[in-house]
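Each chain carries a letter (A, B, C, D and E) given by its place in the written order, and its residues are counted from 1.
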Amino acid sequence: MISVLLILIPLITALVAFAMPASGSVKNWAILSALATLVVAVLAAVTTSANLLQVNVAWLPVLGTQFSLQMDGMSKMLCLLTGISFPLIFIAIHKQETPAAPAFYGWMLLSQAGLMGVFLAADALLFYIFWELALIPVYFLCSLWGGEKRIAVTFKFFIYTFLGSLFMLTGIIYLSYHVPGGSFAIAALTKAALSESQRNGLFWLFFIAFAIKMPLFPLHTWQPDAYEEAPTAVTMVMSGIMVKMGLFAVVRWLLPIFPAAAVQFSSVIIALAVTGMLYASFIAMQQNNLKRLIAYSSIAHIGLMCAALFTAQPGAYQGVMIQMFCHGINVIGLWIIADAVEKKLGTRELSEMGGLAQKAPVLAILLVVMGLANVALPLTNSFIGEFMMFNGLFQYNMVWAAVAGISIILAAVYTLRMIQQILYGPTNAITENATDLSATTRWALLVGVILIIVGGVFPQPLIDLTKDTVQALSIKP
Amino acid sequence: MPINYYIFFCLTLFSIGMVGVLTRRNAIIIFMCIELMLNAVNLLLVAFSKMHNGIAAAAANNAPSTVGGDGQIFVFFIMVVAAAEVSVGLAIIVMMYRNIHSVDINFLNRLKN
Amino acid sequence: MNAIIFSALLGVVMMFSGIVTQNKQTITRISWVGMLFLLIVNCLHAYGTWVIKVDTHGTLHFDSIGLIFNSIVFFAAFLFLILSGSDIEKTGIHLAEYYALIFFVLCGVSILTAYNGLLMLFLGIEIMTIPLYILTGADKRNLKSNEAALKYFLMGSFSTGIMLMGIALIYGATGRFEVTGGSGLAPSTGLAIRPSFLEVGGLLLLFVSMCFKVSAAPFHFWTPDVYDGAPSVFTSYMATIVKSAGFFAFIKLFEGHTIILGDSWNLLVPMVIFLTLLIGNITAVFQQSVKRMLAYSSIAQAGFMLFALYGTNDLAKEGILLYAFSYSLATIGIFAILIKLKDYSLDGFNGLATQYPMVAFAGTIFLLSLAGIPLTGGFFAKYYMLSAAIKAGGIFWLVIAAILLAAVSVYYYFRVIQSMYFKKGTPEWNHPVSKSFQWALMAVAVMVILIGLFPTLLLNFFYF
Amino acid sequence: MIIMSHLVFLVPLFPLLGFLINGLGRNLLSKKSIGAIGTGAVLLSFLVSIQLFLQVLQGGGGVDTLFYLFKTPELSIPFAFQVDALSALFLLIITGIGSLIHLYSTAYMHDESAPHFARYFAYLNLFVFSMLLLVLGSGFVIMFIGWEGVGLCSYLLIGYWFTNNDYNYAARKAFVMNRIGDLGFLLAIFWIISKLGTTEYAGVLAGVNKLSSSDITAITLLLFVGAMGKSAQIPLYTWLPDAMAGPTPVSALIHAATMVTAGIYMIARTNLLYTMAPFTQSLVAIIGLATALFAATIALRQNDIKKVLAYSTVSQLGYMFLGLGVGAYTGAVFHVMTHAFFKALLFLGAGSVIHAMHHEQDIRKMGGLQKRLPHTHLTFLLGCLAIAGIPPFSGFFSKDEILSAALQANPIFYVLGLIGALLTAFYMFRLYTLTFLGNARFQEDPHHAVHESPWQMVLPLYVLAILSVAGGWIGIPEWILPHAHRLEELLQPIFAGSVALTQEHSHLTHAQEWMLTGAATLLIIVAVIFAIRSASKNVPSSDPASGFSGLLENKWYIDELYDNAIVKPLQAFANLLKNAIEKSGIDALVNGVGKLVHYGGRQMRLVQSGQVGNYILIMVLSMVVFLLIWFNDSTLMKFLHSFFS
Amino acid sequence: MRCHSVIYDSMSIVQILFYLLSGLAVFASLMVLLSKNPVHSVLWLIVVFFAISGHYILLNAQFLAIVNLIVYAGAIMVLFLFVIMLMNLNASTEPNQHIWMKLAGVIAGGCFLIMMVSLASQAGDMATKQVLMKDGNIGLIKDLGKLLFSDFVLPFEITSVLFLSAMVGAVVLGKKDKA
């Protein structure tokens, strides 16, 4: 039953938030709700009794779909990530005044509910519905509180992803008609009787939807614009959690349902993913816009995870599990700082910055730590994950691994460049009278830093948490 | 009389009506052509009704049968409907004439694209 | 039977109500009461509790799905009257007559849901359309309205001619006024008995004329002009109630009677569906007037409903019910807002959200439903249609095309949402937006969401 | 031994604590306490290291697993420390020299404000911590962690004065070049995992027979790439001279004594693999030799005191790789140790000079400092003698061991190596002469007199001087004094495997050894004298030299070459992707679809001409089409067949 | 057998009449299209209706023949005539449809005719069917009346709705509203 709470708490609190007066109170309300969700998520993560986590309620028996949630290790982890991220974000932006705050927080919480649903749903149709439910609030958030080009950009993003999910819907329906008894439950879908051509077609229908969400090269072009135009809080949600939806979906749905196709097309997808890694890294190298830089680096990281998912290496799966969580934390941390920098300097052009380290030492330290986590330096949380993934990739095909490895170097190049442009060198007119981070932001980031270090030194808990998912994947049919 | 003759004849009338609808610009003429089409249909129906009646009669060796009567009833209904349509249609045409003093359908181009 | 009789009677009643009172309010109220009464009566028939027995000599045949559909349509009509009643008052002076015609149309609708044989089909369609010609031209001073009326009338009667020719040919071949479609033939061989070519021709012509009635491409041309020209109130009535009825009749007519057409049927229908979706969606993209955009979108929606014609399985039947309901609700709702606006162009909606948040919210729900976003009725409607098509099999390419075009539809629906929420401005209103109206809208919106959550609520009628 | 293995974790712990305390308390602590904490931390771990070393001498040692970095069914990485002769030796070098340099820094950096002072010591401690991880790790992954850790610290310390962007570029250059090496290292690790499923040295050495020779070659090559990056070998050496941007003590500790020798440590660790991969070994030797000569030539014409030392470091590292390449592992490690002593000494001496000259680094503006800085002068001279390889200073022994091994491997190696040694002697004494001898070439301003440095700086100089004089005596070769090579005995367990594998060369007789060495020493002394005389006669002018010497002054234009051949093209490529492919390629395509739909709508709505005639015409035509479709349909044909037959 | 002879006896006259009426109808209907003056078109259309009534009589459908004359030729056409007079449309008022449009219309109609005719001519089952010409009395008022008020009483009733709405329509559209 816990899993229902994960959806209900944000949902109800969101509705309340919409109705609340436009005063500071709504912020605290949102933080309260997010913390409550976090508590539940933690409980869910530690609990082991299945019937506490599983929910099966008859919903539309006519269609053979039912409201069924279940949590495996990965869902637990991602719910935990979602649970942690939202309080962090809310705390980080607590000081900023948002116009029409009630609506803002309402939408935010709604999107949280949708995300939770995505990570929990064990029924394909339900999954699809949550998939969209997570998208709509983001659409409104971006279009209402975003940058100046927000409407067009968000619209592109929305239609792009919506198209993808429609493909998925078709796939789901088609699949469910080839299931004896026409059910939507995961277990049933894996038993679908398909000819090879049908199987391959469906595989791509699903994969395109997920690839757009990740986003995977060359379907990524919505992302930098969206990240740049969206309000940073939303960008954090998108890059921290939403992109994980794609990876999650691959693990939860694609691989179990089409194991054979996954193997058959692994080379194509890995080729795409690795190309994307280098492509994004190169662009990030020349990126002068802070937000776009982070966006592209995120594309590169996701590319690695996607590639690792199709290596069919247990180690790689494990790496992806860890990295999904850690990347979420790191990238949110990076966005918090990027936001702070932009708020302080009023620009996101790297060329106009410099010397911030003298004005804001704390910011400098935190940014450096985040940056190092971004280049997967050992003893930061992303090292273990990337190590495992690269290792898996190497076992799959050492040439691809070597090529992908170049992105490690490039990551160092663009991240250090970013750090230098922002922090080092002499101050200039813009950075002259910049101030250091606000207390709340510091606290939010401190949590992130702690998670980064702990995750880098002792990731075992994460591994134990997600072991079952990896085992389930590794069993070859 | 072979039924085909009637079929061809009625189809011809029907098509002529159709061509009229396509080639004339005067709303009233067009409307008349539509009436022409309807009449073609009527005649065809009657012919068919008589055909079926004849077949039935032949089957029941010329005991007079009511088979095929429904065809002519249908024609009757068509006429009824046509009458109603005409009253409404003419009302519309007149209304339009009041406004633009023309019944030329090519002037109906405010609504397009 | 109840529905037919009482709708006719209520028509008369409304006609005379105009003589009894001059107060528009009262007339509207009367219409509400009458509509409610009609709905109840029909439901009574549906549940078989109270039926006026009339020997129809097999010209009519009442089955549960038809009656359910009837009640759904009546319910939609009721909502229509509630939401737009005040706007009908503004249309012209012949208020009572408008209501009378509206009820006559409903009479035609209830004939179409129960007809048995082509004669009643013909009569039903005529009874349904002729009042519409008039309603379309109701705004006499308005040239657009005149033009729309004349176009509608000319093309409508032309298609009637086509239909009659079809009927005649079928009668000639079979000697009966029914579509058997060679249902006597064994589907396997397809040709156990020789098919009559006349019947084939007749079926094709009938198909064409029905396509015209439901505005399926390439016989859709009247739709945008008529919907655009007609007084908005009646546009919404036409686009929802009438269109759904037409669909029902269409499907009822051809269901299982197409063997004679052989494989060409499986080529024709997908072709028509594709054209309808394509033209409807693509053309809607560029429209500046929301009213016209909705006209095109109604064509697009028709394309989706046509899926039910292809895959005539139980899913399709349920689907068409669901679709008719959710589509009608959404369209009536969005029109109810549109009618009150002064400027029908997209900019007319600018800043609606800040002015009337409730209205904007409801409107958003309606648009989402039209776009088929989950948690709104529109999603499950589309879902059913797609599943029906997929289940029937054979046209997966069409499903994909439909998906792509659905994404396009999101584009133009969301443009309205954008102007409501993201653009600055204050809409100007022709008619005042009353509190009660807002609440009514909200109620409808909630209904749409409810259907989106539990489509079975509606479909459970079906399994009573 | 049990007792020992539980002490190990203390060694890296103290610097870590020092890092944390200094890092977090940067705004609270006073400079005094900061310095005390920084130095103390390293000193403490030095004491523990001595303790460990003694136990190793008594045959102690072993692996102590603290916890598991991660544990999965396929692979588990223990966080374990391995103490044996090699690591213990390096522990002593790192912590010993480390603590000296910390002490030195307390004085050298005293101008810095407290927070930055603390930052400096935090970084330094963090470096020591990482270096200790690198050395202590019981497997490749832990080594890699330390490996990247030291890279980070060197990045932070090179860019310590972060307001100067040139320094930042130097720092970035160092980090990125190291990363290139790291990638090689990482791939090697993956390769090992894929073949052996473990990353522990013990496991690898045990399973070495399972590896095919090609595997071994590949692994060793990849590892060597890592070593190239870290130890600044051709072609990845250019970062080291630039790294002189950092404070001088940093150069002494990181870029002379410890970090840059990590590559040698790594190869020494995996010596068995290298011995089994002759191809790699010869490659290592060649690259080492080439680097040694190349860097030496550049050093001949450098006028920045630190640059000279930097290139000499590169060149000395080349020697060490030559040693490794020719299988003289002990010699290489030996040279690491002695080099650590005298190069640290030289750098600190240079630092003392710079300190005294108020951050003047150009030797053309020095001279005649021997009176003003007597202690510095003396120790520096000793350092020079040591690096020049003049007996009985430490450099002589280590270098001699490498050269004799080279001779056995290949006489050409020996000759070239000897030339390198001569060059070394030459440029070192050129440096010495220009700095200390002759008369002053700078105006002394009365306020800041050029004065000898405080005791915190002088003390380390003397300690290191003693070490660089006597450090070599633990490795006295066979032909001078039998069984005096303590170091070889000490390291014998580490290299036993390789020694067993290497077939015996034809050993030179002691007489030949005497002759060769004598001759070599003679040549070196000649070089030294020549250097002193030429340097004291004509001081290099400040205007850019032409011809060959100009080529040398500009370091063979290697930096420019890299810049134009690699960096610029890559940036151009990235720009191409960013602007051409991304903007007007992929994204344009995506938007194009949208535009297409829009255009389609625009066109398609023209069909809606508004003319009833056209509408009906289209209807009729499509009716005809429908009929046609039906006619083409097979049912017709079928029927006709069934009808006419 | 006997029925065959019946047809045989009376074939000649009937056939002559058939061809006569048909020719007249086709000619007249063509004239409807071709005559410039609307009034003439109306008159020609009336001719067509008369011809068709003739066919009805030929087919022994007297009731329909009469109704056709009364309703169409009488009421409806008079209505048309009346409207045209009211608008005093004459040849000059209607400009010519564009030539291409005319051509296209003719071609389209022609194609349609060809398709339908070929369809019908290939309808094998119709090839041999004969139409019972003057015999058979289903067309008589008595029988039709019976049928109309027994089986088709409901549709008959329902048509009243049609007329009601038509009436209302006339009111709504025709009545001049003060505004």
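Please note the rule applied: a contact is a pair of C-beta atoms (placed from the backbone, for glycine too) under 8 Å apart; a residue touches a chain by one contact, two chains touch by 3 or more.
Since the model is a prediction, treat every value here as computed from it, not as a measurement.
Asks: By the touch criterion stated at the start, how many steps lie between chain D and chain E on the shortest route?
Replies: When the steps are counted carefully, the minimum from chain D to chain E is 1.
Asks: Quick one: which chains contact chain C and chain E both?
Replies: Both-contact set = B, D.
Asks: Farthest from chain E in C-alpha centre terms, which chain would that be?
Replies: D
Asks: Any idea which chain sits dead centre by C-alpha averages?
Replies: Answer by centroid distance: A.
Asks: Between B-E and B-C, which chain pair is linked by the larger number of C-beta contacts?
Replies: B-E
Asks: Measuring between mean CA coordinates, which chain is farthest from chain C?
Replies: Chain D.
Asks: State, to the nearest whole Å, the distance from the C-alpha centre of chain A to the C-alpha centre of chain C.
Replies: Going by mean C-alpha positions, chain A sits 43 Å from chain C.
Asks: Distance from the CA centroid of chain B to that of chain D, rounded to the nearest Å?
Replies: 98
Asks: Rounded to a whole Å, what is the gap between the Cα centroids of chain C and chain D?
Replies: Comparing mean C-alpha positions, chain D is 77 Å from chain C.
Asks: Taking each chain's centre as the mean of its CA atoms, how far is chain A from chain E in angstrom?
Replies: About 72 Å separates the centre of chain A from that of chain E.
Asks: Could you pull out the residues of chain A that touch at least 2 other chains?
Replies: In chain A, the residues touching two or more other chains are 159.
Asks: Taking each residue of chain E in turn, which ones touch at least two of the other chains?
Replies: 97, 101, 104-105, 108-109, 112, 116, 119-120, 122, 124, 126, 151-152, 155, 159, 162, 165-166, 169, 173
Asks: Two or more other chains in contact with one residue: find those residues in chain C.
Replies: 119, 123, 126, 130, 133-134, 137, 140-141, 151, 154, 158, 172, 194, 198, 200-201, 224-225, 411
Asks: Who touches whom among the chains?
Replies: A-C, A-D, B-C, B-D, B-E, C-D, C-E, D-E
Asks: List the residues on chain E that touch chain C in their complex, please.
Replies: Touch list, chain E to chain C: 116, 119-120, 122-126, 150-155, 158-162, 164-166, 168-169, 171-173, 175, 177-179.
Asks: For a test of understanding, state which residues of chain A touch chain D in their complex under the given definition.
Replies: My answer: residues 156, 159-160, 218, 221-222, 279, 282-283, 285-287, 313-315, 318, 355, 357-358, 361, 372, 377-379, 383-384, 387-388, 390-391, 394-395, 398, 401-402, 405-406, 408-409, 412-413, 416-417, 420, 423-426, 457-460, 463, 470.
Asks: Show me the residue ranges of chain D that touch chain B in the complex, using the header's touch definition.
Replies: So the residues of chain D touching chain B come out as 605-606, 608-613, 616-617, 620.
Asks: What residues of chain C sit close enough to touch chain D in their complex?
Replies: The contact residues of chain C facing chain D are 151, 154-155, 158-159, 162, 190-191, 194-195, 200-201, 204-205, 207-208, 212, 218-219, 221-222, 224-225, 261-264, 267-268, 279, 282-287, 408, 411.
Asks: Taking the touch rule as given, give the residues of chain B at its contact with chain D in the complex, in rising order.
Replies: So the residues of chain B touching chain D come out as 18, 21-22, 25, 105-106, 108-113.
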